[in-house]
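After this come two complexes, each holding chain A, first together with chain B and then together with chain C.
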Partner chain A sequence: MSEKKYETPLLDELEKGPWPSFIREIKQEAERPMVRDLLGVLERSYEEHIGHWKHGGLVGVMGYGGGVIGRYSDLPEEFPDVSEFHTFRVNQPAGWFYTSGALRDLCDIWDKHGSGLTNMHGSTGDIVFLGGKTTSIEPVFADLTEKGWDLGGSGSDMRTPSCCAGPARCEWANYDTLNACHEITQAYQDELHRPAFPYKFKLKFAGCPNDCVASVARADMSIIGTWKDEIQIDQEQVRAYAARGMDIEREIVELCPCDCISWDGQAMEIADGECVKCMHCINHMPKALRPGKERGAAILIGAKAPIVGGALLSSVFVPFLEMTPPYSDLRELIEAIWDFWGEHGKNRERVGEFIQRVGLGKFLEQIGLDPVPEMIAHPRSNPYIFFDDEIVAGAEA
Partner chain B sequence: MAVAGRKTDIGPPHYENFLPPVIKRNYGKWAYHEIPEPGVLVHVSESGEKLFTVRAGTPRILSIKTIRTFADLADKYADGYLRFTSRNNVEFLLSDEGKVFPLKTELGTLGYPVGGTGNAISAIVHTQGWVHCHSAASDASGVVKSLMDALYPRFTSMDLPAKLRVAFACCLNMCGAVHCSDIAVLGVHTRPPRIDHSELPKICEVPTLISSCPTGAIRPTTVDGKPSVEVEDGQCMYCGNCYTVCPAMKINNPKTDGISIWVGGKVSNARHEPMFSKLAIPFLPNNPPRWTEVVDAVVNIVDVYAKHARKHERMGEWIERIGWPRFFKLTGIPFTKYHIDDFTHAGETFRRSVHLKS
Partner chain C sequence: MSEIAVAQVAEAMYDLVKSTHGKKNLKPMDLTKAMIEQFGEGCDKQICKQAIRELIDSGRCIYSYVGGSYITLPPTATA
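Then we have the complex of A and B:
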């Protein structure tokens, strides 16, 4: 075993200060040759202002196409113990809930086979094991599955779905985000592990319009909880907020984006027909106000970061969908999208970009959904309309 | 196709295995929650039962030693139950209120700050950077550590006008999807890729490479009798998509890579609709290990926002109310030609009225 140790004056600087230090975390595992070389190559990056990782490279477990991301150093002679430094994505439990025992199982596996370094969690939601050799891939997988864990997605597949804390720890969950996330993940294990799409497809389950999992910005399909009926009001609690010093007029009534709340010092009234369910009033008066009882989700589609064709936010696809197991309507929708986009999408074209290319109108036709005005901010202002034959058929005759 | 004789496609373990009894008893029956102090949530069920959450910041890169420490803390104070948040905080789930204070104390001793709730700056979500990524224009963890050291009091208190979400991504791929954050710190490449003509024909497929370019800047050519490509520099906006499909298109450049800062995005629907972040500062130098220019710029924006925004106003809502000219004036950030969009549909971002403050 190599005894080399690198001087890391630049990295050492990042052990100072009040916020917990990632360098301290890395150094905690530095008895491993791989982690010593990681510190060495990272110090080099800090000196040279450039990363030293090569891209990709196909690695994985037998029978899967995703879940392990190949990573190789571009300085393998100098830092041989990180010449291979692959990432494992391990599918997190819905809502990121754990027991201490489950975490220790994961730690034991990674202690035995890898760097001992993790991300809790990666951006998509997976548990990330950071830095393993090619020879460790199958043993890690065997030990994970033995303990009931499986890999997550990578590449052009369904990426690991994620969800908010939902009904497990939130009064605003308009559907069971944990159950929906878990059931959808289980239903599409093949699509998760074996990339067969034009590009990645992310699903995020948020229980209310606060969207704590950022689904509107990050998910190809954003399932955002909402309700149809009246906000539940406890007038006594409203008065209690006022008595405790809340300026209800200023903080709640005036900040309502649809001007649908009134307060006379005794009772709060909400014109629910005008309410857009933004959550502001509920967020700030949680003891007095609660979402309605007729609950479900709005389905939005198409968010992505800039690469390749520019960043997109998800937009409304189905304004309201009941979200009860086994989620047949949702699954029908997902599969219809995968069929059409899967067949006609270009390589590395996210579904949001695909919709922009083919047009939302045509996309809806192919999926079998009727266009509704809830889908748009406003109707088109440009008159370059592609007409089908049918619309002018009468005029021709 | 699954391989016979192996355990595959089992998916994640069922979440119910990991829920504490107090949650199982009150699943879907929470009535309300309050934040009695920074970093502590209390959820109250319709039955009156309470769940106490203690939230602490982590550096996202966690060693298994630290995870085992968290497991020990969970055993000691929370009957073994804990979770992580979408912003990489760890949360201990307690049914005994009496254990909240001792847990907070022990977390403090161990160096994990309790906070990140309510009108605070929660932990900065971020990407891998130089620790692990091939296309990083900057490190991620080091910038975030430096920022959070400076913003630490904003994590452990709740005195901002509203919550303030900061995110970091080390290139435009945005594994951290920073594009809808109150403050987004984004690594940028600023020069076209340098082409390794000797490697390219060996490792890349030229047609795939050409079609990877969103602006059509890559064209086929022949170099020393071998197929390669050339880049129309004026058309390249340094997205690095070509580098992702072809490692011979070297986009990383230690001299010219740097950091940009974007403001005013949000994902929540509360009050204003979700918004993209917009450019505040086009370029700051990569200056490890402490990225002083970036830290100073972010702290300045936070301080100006904290001073001027009204209660409940997110960064983007505040800027929309006061207008961008005043944002630049109040922050002292120079407005440049780089702030004006020149990509697809740029015209939609121009002011088309004379609604101008004097």
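Then we have the complex of A and C:
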């Protein structure tokens, strides 16, 4: 065990200024040799402009293939206490709601077995414990499960689903994101813990198109709350906004991306058939405008960050789906995608890349969905969908 | 066609993992496809899923991560 302390002039710079500092946080735990070596190897990285970590390997708990990410320093002789610095992903509760007691339990477990450093939360949404030895893996898992926690996903599995706060504290929730996320997590425990896919598969539940969980940029399947009918308008409140100084023409009408709002100084009208549910008007006039009453979710497929190929945003697959338990239609779609992509996807090929390779037309045919206009961004712009000859002939006749 | 026993599929999977160890990384779907080819109609994805679970829960095989997730032998089995 190293007692060495490191000079960290470059890291010390990051403590300056009024803002919170991750270096200051790490230094608070620096009585632990593991954390001292972490500071040492990080200072080295800042000096050399290169990371000194590698990840992967054989670490995990018995029976699971996900939840622990093996992490090793490539300078184990110089920094022996971070030669193993594994990451644990702990499945967060839907919407990230905790009691203070639950947080104390988590911190006590991690103080006892690991570095004491956490990341609340990782970009997947999990609670992240940073820095544990291989020998700590099973004891951490035992203590977590005793308190009712479980590990999340990692590797080529269904990653821990995450959701926004939804109806628990947001007026724009078009479905119960918390319940949907919880139910889907419970339904697919096998897929969460036992990697069986070509690569990762992320599900994110957003209650409205504001998409506070950024599902459209990161989830292989984005479940985004929407509505079918007209935006609810309270004309009295619209006039009240105008009376308080809001320039409705400039701030709302002219900024509508589909040019579907009009305002004559007394009443607002919205051509709902043209609305793309961008939320701009609703966000700006929350007292006057609300989503419609016929609510559900749009299902989008194929987003990913640029690790292997380039970044992709997800595309609409199902324009509207009622989101009521037990979410049978959603589950049927998820399982159809897993079945086709699981069998034919290449190693490390995300579902969005797979669709680009095999073609949207073939993908839709295999998972049993009919093409709909909402799948196409602009007329004649989609190279994937081909209509049967008889349909084309019928249209031309 | 009679259904193949999960244990029989698990045994065949284990033999495949062992024979390719150190030469080729196998994903669960690689094992599944190989078993369906080996046993024919009596073997399906569900049986293979159960067989993989049996191998992992018994500790005869473990998951590894090398860019993606694979099924391999535990270090003790190859020492």
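We take it that the second predicted complex is superposed on the first by the 375 of 397 C-alpha atoms of A that agree within 3 Å, B and C clash if a C-alpha of one lies under 4 Å from a C-alpha of the other, contacts with A are read in each partner's own complex, and residues count from 1 in each chain.
Basically, contacts are C-beta pairs under 8 Å (C-beta built on N, C-alpha and C of every residue); 3 or more make two chains touch, one makes a residue touch a chain.
For clarity, every value in this text was computed on a predicted model and none was experimentally measured.
K.L.:
What is the contact status of A:368 with respect to chain B (first) and chain C (second): first, second, both, or neither?
P.N.:
A:368 contacts neither chain B nor chain C.
K.L.:
Count the residues of chain A touched by chain B and by chain C, then name the partner with the higher count.
P.N.:
With both complexes superposed on chain A, more residues of chain A are touched by B.
K.L.:
Does the superposition put A:155 against chain B (first), chain C (second), both, or neither?
P.N.:
Only chain C is touched by A:155; chain B is not.
K.L.:
Of the partners chain B and chain C, which touch A:359 in the superposed model: first, second, both, neither?
P.N.:
Neither partner.
K.L.:
Figure out whether A:199 sits in contact with chain B (first) or chain C (second), or with both, or with neither.
P.N.:
Once the two structures are laid over each other on A, A:199 reaches chain C alone.
K.L.:
After superposition on the shared chain, which partner residues are touched by A:65: those of chain B (first), chain C (second), both, or neither?
P.N.:
second
K.L.:
Could you look at A:91 and tell me whether it touches chain B, chain C, both or neither (first, second, both, neither)?
P.N.:
The first partner, chain B, only.
K.L.:
Pick one for A:347: touches chain B only (first), chain C only (second), both, or neither.
P.N.:
In the superposed model, A:347 contacts both chain B and chain C.
K.L.:
Which parts of chain A are in contact with chain B and also with chain C?
P.N.:
Shared contact residues on chain A: 55-56, 62-64, 190, 194, 347-348.
K.L.:
Would you mind writing out the residues of chain C in touch with chain A in their complex?
P.N.:
Of all residues in chain C, those touching chain A are 27-29, 33, 45, 49, 52-53, 56-57, 59, 62-69, 72, 74-75.
K.L.:
Hey, which residues of chain A end up touching chain B in the complex?
P.N.:
10-11, 13-14, 16-26, 28-29, 38, 42, 45-46, 48-56, 62-64, 71, 85, 87, 91-104, 106-107, 110-111, 116-123, 125, 130-131, 142, 145-146, 148-150, 162, 164-165, 167-171, 173, 176, 178, 182, 185-186, 189-190, 192-194, 209-218, 224, 251, 255, 257, 276-280, 283-284, 286-287, 290, 305-311, 313, 346-348
K.L.:
Would you tell me which residues of chain B are touching chain A in their complex?
P.N.:
Where chain B meets chain A, its residues are 1-3, 6-15, 17-19, 23, 27-28, 30-34, 43, 51, 53, 57-68, 70-72, 74-75, 80-86, 88, 90, 93, 111-113, 125, 127, 129-136, 139, 141-142, 145-146, 148-149, 152, 155, 169, 172-177, 179-180, 208, 211-212, 214, 239-241, 243-245, 247, 252-255, 257, 265, 267-272, 274, 276, 286, 288-290, 311-312, 343-344.
K.L.:
Contact residues on chain A for chain C in the complex?
P.N.:
55-58, 60, 62-66, 69-70, 154-157, 190, 194-199, 339, 342-343, 347-348
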